[in-house]
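Have a look at these structures, which come just after this line.
In the two assemblies presented below, chain A is common to both, partnered first by chain B and then by chain C.
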Partner chain A sequence: MARIDLDSVRKIYPGGVEAVKGVDLPIEDGGFVVLVGPSGCGKSTLLRMIAGLETISDGEIRIGGRRVNDAEPADRDIAMVFQNYALYPHMSVRQNLSYGLRNRRMARDEIARRVEETARILEIDAFLDRRPKALSGGQRQRVAMGRAIVREPAAFLFDEPLSNLDAKLRVQMRGEIKQLQRRLGTTSVYVTHDQLEAMTLADTLVVLNGGRIEQAGRPLDLYRHPDTTFVASFLGSPAMNLLSARVSGGDLRVGSLPLAARLPVPDGPVTAGLRPEAFRLLPDSTSGAFRLDYVEELGSTRLLHGHLEGQRLVCQMGIEHPLADRMTLDLDPEALHVFDAERGRRLDTAWQRAQIRSLA
Partner chain B sequence: MQTKRTIFHNRWLPYLLLAPQLAITVIFFLWPAAQAVRQSFLREDAFGLKTEFVGLGNYLRLFSDPSYLNAFQVTAVFAVSVAALSMGLALLLAVAVDRVLRANQSYTTLLVWPYAVAPAVAGVLWWFLFNPTIGILPYALEQLGYDWNHNLDGTDAMILVVIAASWKQISYNFLFFVAGLQAIPQSLREAAAIDGAGPVERFFTVVFPLLSPTTFFLLVINVTYTMFETFAVIDAATEGGPSQATNILVYKVYRDGFVSLNLGSSAAQSVILMFIVIALTFVQFRWIERRVQY
Partner chain C sequence: MVENRPLLTLLAHLALIAGVAVVAFPVYLAFVASTHPSSAFLSGTLPLVPGDHMGETYSRMLFSGVSTSGAPPLWLMMTNSLIMALSIAIGKIAISILSAFAIVYFRFPCRALAFWMIFVTLMLPVEVRIVPTFEVVANLGMLDTYAGLSIPLIASATATFLFRQFFLTVPDELVEAARIDGAGPMRFFRDMLLPLSRTNMAALFVILFIYGWNQYLWPLLVTTDESQYTIVMGIKRLANVADADPQWNNVMATVILAMVPPVLVVIGMQKLFVKGLVEQEK
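For the complex of A and B:
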C-alpha cells in the first residue's frame, strides 16, 4: 500500500497532441480516486502514465514517495484492470492469475495459496481450470480483478473496467469493487466516463476536462458545490438546468422573471444553475411562467420538461404533485448556483459558504 | 452462416453451370492422376515397345532403392531448413515491423512492396550473388578462408538451394506474421509487462503462443511449397547435384521420368507425392479448423 503523487504531470503525444496539461493530484494511502470526464479528456492517458505504459513528458509521478518516471511498469508495484480485461487467452484462469507471480519467481506453494485465496474471495474457484473463452463477461471481469488482487500490489489502476458489462451486472460489480477495495485497503485509481459510477465509488472524485483538473474533492461536495458549469452539468442525472440570466443590483432575473434577490454578485450576464430535484413546480394557470411540454414517468418520481422564458427547464418531482399546463417555480434561493456567463466559473461561492455556515 | 440459396427450375442448368469447372478438374487433375496411378502399376521398356503389369513392383523397388530413400531424406532436410529459415527470418522482420506499425499506422501500405518485388528479383539476385566466377559471396567467403563451390560440395549446394528457396517465401510469411502480430491486442502485452515479463519473456509466453495458429498454417504452407514448388529453383541452381545432394522427390520424379525415361518408377513416385499432398491438406484443414484463434 502506498500513496501516489502527481506533480504538474504533462503528456504530449508524438505529433503534438497535449493530452494532459499539468495535473497535480495527491492520492492518499488507501484512497479511492475516480477520474471522470468526457471522451478524450485524458483520463486513460493519465492512468497509463501512472502504470508506466506511457512516458511522462513533464512533471513527476511518485508511488510510495519514490519517483517512478523512469521505472518499468513491472517495477512500480501496481496492478491494472483493463477495459477489455486483457486476459491471456491461451492460459487457464489459474495460469492467468499466477502469471505475474511466476514472473516474479515466487515460491510455488505461496503462489498456490494466493491463487486459492483470491479465487475464494472472488468466487471464481469453480472455473480455475477453464480458459477465458469459456467464461461469461461477468466471470472474465472477476478474473481480471483477481489477476490484480493476487499480486497484492501497492495500487490498483482501473480503466473503465465495467463498461463491457450489461447495466445490471455493472451495478452489482460496482458494489463488489467498492467493498473489495474497503476490505483490502489498497490505493486505487479508477477511470470512468459514467458519472453515476464515479459518484458511488469515489472517496475523491476528480473531474477532468481537456487535460486539466476541473475540480477535485469528495463526490457530494462536487455535486453540491460545482466550481464550474462543466462540473455542474457533468455530475447528476438528469443534468443541472443552466439558464441564461442577468443580475442587476443583486437581483437575478431569467428574462423578466425574478428568481433571487440581494445576491453578492456584480451586475451583468450570468448562468443560473438549478438541479432538477432542487425546486418544485406549483400549478398556476394564470401567471405560471413555466410552460409544460411533456412528462416522463420514472416510477416513484417524474420528470417535467418545459420552458421558462423561452429556455428549456427540467424538474424532477414526486408523482403526488398535481400537474398543469402553466406552473410557477417554488424555489429555495440556496438551491440556486450562479456562474460567470462567459467562463462558467462559480460566482456565488463566498455567499453560499456563508449561508451554509450560518445554518450549521 | 446463412448463405443465399438459389432455386433452379431447370434440372440441367446447375450441371451446365458447373461443367466448365468440372471439366478443368477432370482434364487437368483427375485424368493425369488416374494415368499416373495406372502407369505406376506398369513397367515399360526404354523404347516403349513392351508394357507389362507388375502390380506393386514399382513401389517395392522404390523403397529398396537407396537413391530414392536418399531423396526422401534430402527432401526432409530441405523442407525443414527452408521452413525454419524463411519463417524464422520472416518472424524476426515482422516483429520489428510490428513495433513500427503500432506507433504509426500509415506505413501499412508499404508492406506490400517487398511481396511484389521479391520473387522477380530473387532468381537474378541469388544467381549473381553466388556465381562462383563473378559472385560477391564466394569471393567474400574465400577471404574468410572458406572455399565455396556448390558445384562440387553437397552441403554448399544444399545451403544455396535452401537460401534461394527461402528467399521467395520470406515476404509471404512476413505478411502473414505481421497480420498475426497486429491481431494480438496491445493490452495483452501491456498486461504482461505489468505482470513483470520482460520483452523476451513476453514474446515467448504471450505473443508467440497467440501466433501459433498463424505459425502452424505457415508451416504446412511452407513444407508444401518446398516439396512441390521448388522444382525451378533446383533445376536452375544445381539440377539435383552434386551427386544427388539436392535431389528432392519432385525433382527425382522429373529426372527419372523425362530424362531416364523410367516411366513406371516415376509414376509410382508421383503417386506417393500425391498422397503426401493429400495428407498435408488434410492436416491443414483438420487442425487449422480446430485450432483457430482463441
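For the complex of A and C:
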C-alpha cells in the first residue's frame, strides 16, 4: 500500500500527439481515484504511464515516495486489470493467478496459500483448474481481478475493466470492486468513460479533458459545484441543461425570461446551468414560457423535453405533477449554475460557496 | 454444419471413396509389385493381388541393399533421410520462430530492412542459388556430412513469415500483462509464445518434415559417399540402372518404405496439425 504522486506529467507520443498535457495529481494511500472523460482524453495513457507501459515524456511519477519514471512495470509494485482481461489462454486459472508470483520466486506454499485465499475472496475456487476459454465473461473478469489481488501490490490500476460485461453484471461487479477495495485498502486508480460508474466508485473523481485535469474532487462536490460547463455536462444523466443567458445589473435572463436576481456576476453573456432534477414545471396555459414537446416515462419519474425561449430544456420530475403544453419554471435560484459564456468557467463559485456555508 | 440427409451423405461418401481410390490405387499397385519377383512386372500383365516374395524382397532391400546399382541398405539411407528431414524441420522451426520473435517484439535499427531481406529470400529457393550454395558448402568442408545436407536448407522465409503473422495476432494486453507479472523477453517467449504457437509448430513440422524428406537435388549434389545417400536418391539409383532392366520389385519396395516415415509423422501429428491449420487458440 502506498500513495501515488503525479507531478506535471506529460506524454507526447512519437509523431507529436500530446496526449497528456501536464497533470498534477496526488493520490492518497488507500484512495480510490477514478479518471473519467470522453474518448481520447488521455485516461488510458495516464494510467499506462503509472503502470510503466508508456514512457513518461516529462514530469515525475512517484509510487510510495519512490520515483518510478525509469522502473520496469514489474518493479513498480502495481497490478493492472485490463478491459479484455488479458488472461493467459494456455494456462489454467490457478496458473494465471500464480504466474506473477512464480516469476518473483515466491515460496510454493506461500503461492498456494495466496491463490486459495484469493480464489475464496472472489468465489472462483470452483474453476481453478479450468482454462479461461471455458469461463463466462463475468468469471473471466473475476479471474483478472484475482490476478491483481493475489500479488498484494501497492496499487491496483483498472482500465475500463467492466465495459465488456452486460449492464446487470456491470452494476454487480461495480459494487464488488468497491467493497473489495475498501476491505483490502489498496490504493486504486480506475479508468472509465461511464460517468455513473465513476460517481459510484470514486473517493476522488478526476475529470479529464483533452489531456488536462478539468476538475478533481469528491464525486458529489463535482456534481454539485462543477467548475466548468464541461464537467457540468459530463456528470449526471440526463445531462445538465446549459442555456445561453445574459446578466445585466445582477439579473440573469434567458431571452426575455428572468431566472435570478442580484447575482454577484459582471454584466455580459453567460451560460446558465440547470440540473434537470433541480427545478419543477407548473402548468400555466397562458403565460408559461416552457413549451412541452414530448415526455419520456421512466417509471417513478418522467423526463419533460421542451423549449424555453427557443432553447432546449429537459426537466425530470415525479409522475404526480400535472402536465400541460405550456408551463412555468419553479426554480430555486441556488440551483442555478452560472458559467462564463466563452470559456465555460464557473462565475459564481464564491457566491455559491457562501450560500452553502449559510445553509450548513 | 451438421446435415442429416442420407442421400447427401451417400453422395459425399461416394465422392470421397472415388478420391481415395484415385490416390490409393497406384500406391496399392506399388505394394503389389514389391511382393512379386521382378519378372512379374516385366511380363506385361500386372497381378492385382500381393505375391509371396514380400519378406524376401523387403529384408534384402532393408539390410543388404543392391550393390550392382550402387544402393546401400535401405535402413542406412532411411536413417540418413530421417536425420536430414528432422534437422531441416526442427532447425527451420527454431530459427524462424526466433527471427519472428525478434522482428515482432524488438525495436532495433534496420528492423524493417531485416524483415524485407528475409521476405525477399522467399524468391530464392534452393534450386536458384544452388551453385553458390554448393561452393560455400564445399569450401567449408561440409560435403558428405549431415551438416552439409541440412544446414543450407534450414533458413526459411515462409516459416518466419507464418510465425510473424501469428505473433501479430497475440493481443498487446497479453504482452503487457506478462510484463507486469515480471516476465522478461525470454521468459515471455518461453512461457507465452512457445505454448501458444504449439499447434502452428506442429503443422509446420509436418509440412517441413515432408519437405526435408523429399529433398532430391541437393543431396544428389553434396553426397558422393554411399554412406550419406538419402532414400529419395536411392529410388532414383535403383530405377536408373545401366544396361539392364530395372528391378521393379526392389524399386517398389523402396518406394513403399520411403513413404512410411512421412505417413507416420502425419498420423502422429494429425490432431495438432489440423488444429494448427483451422483454429488459433485465443
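The criterion applied here is as follows: the second predicted complex is superposed on the first by the 360 of 360 C-alpha atoms of A that agree within 3 Å, B and C clash if a C-alpha of one lies under 4 Å from a C-alpha of the other, contacts with A are read in each partner's own complex, and residues count from 1 in each chain.
Convention: a residue touches a chain if its C-beta (ideal position, glycine included) is under 8 Å from a C-beta of that chain, and two chains touch if they have at least 3 such contacts.
Everything numeric here is computed off the predicted structure, so don't read it as measured data.
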Practice task
Label the relationship between chain B and chain C on chain A in the superposed model as either fit or clash.
Solution key: clash
Practice task
With the two complexes superposed on chain A, say which partner A:Ala198 touches: chain B (first), chain C (second), both, or neither.
Solution key: neither
Exercise for the section: For A:Met145, select first, second, both or neither according to whether it touches chain B, chain C, the two together, or no partner. Expected result: neither
Practice task
Considering only the touch criterion stated at the top, classify A:His90 as touching first (chain B), second (chain C), both, or neither.
Solution key: both
Practice task
Go through the superposed model and pick first if A:Tyr99 touches only chain B, second if only chain C, both, or neither.
Solution key: both
Exercise for the section: Determine, under the contact definition given at the top, whether A:Lys133 touches first (chain B), second (chain C), both, or neither. Expected result: both
Problem - Common interface residues of chain A - those touching chain B in one complex and chain C in the other - result: 51-53, 72-74, 78-80, 82-84, 86-90, 99-100, 103-104, 133, 147
Handout entry: chain C residues within the chain A interface of the complex
Key = 171, 173-174, 176-183, 187, 191-192, 195-196, 198, 281-282
Exercise for the section: Going by the contact rule at the top, pick out the chain A residues touching chain B in the complex. Expected result: 14, 51-53, 72-74, 78-80, 82-84, 86-90, 99-100, 103-104, 131-133, 147, 151
Exercise for the section: Please give the residue numbers of chain B that touch chain A in the complex, ascending. Expected result: 103, 185, 187-188, 190-198, 201, 205-206, 209-210, 212, 294
Exercise for the section: Flag every residue of chain A that touches chain C in the complex, lowest number first. Expected result: 51-53, 72-74, 78-80, 82-84, 86-90, 99-100, 103-104, 133, 147
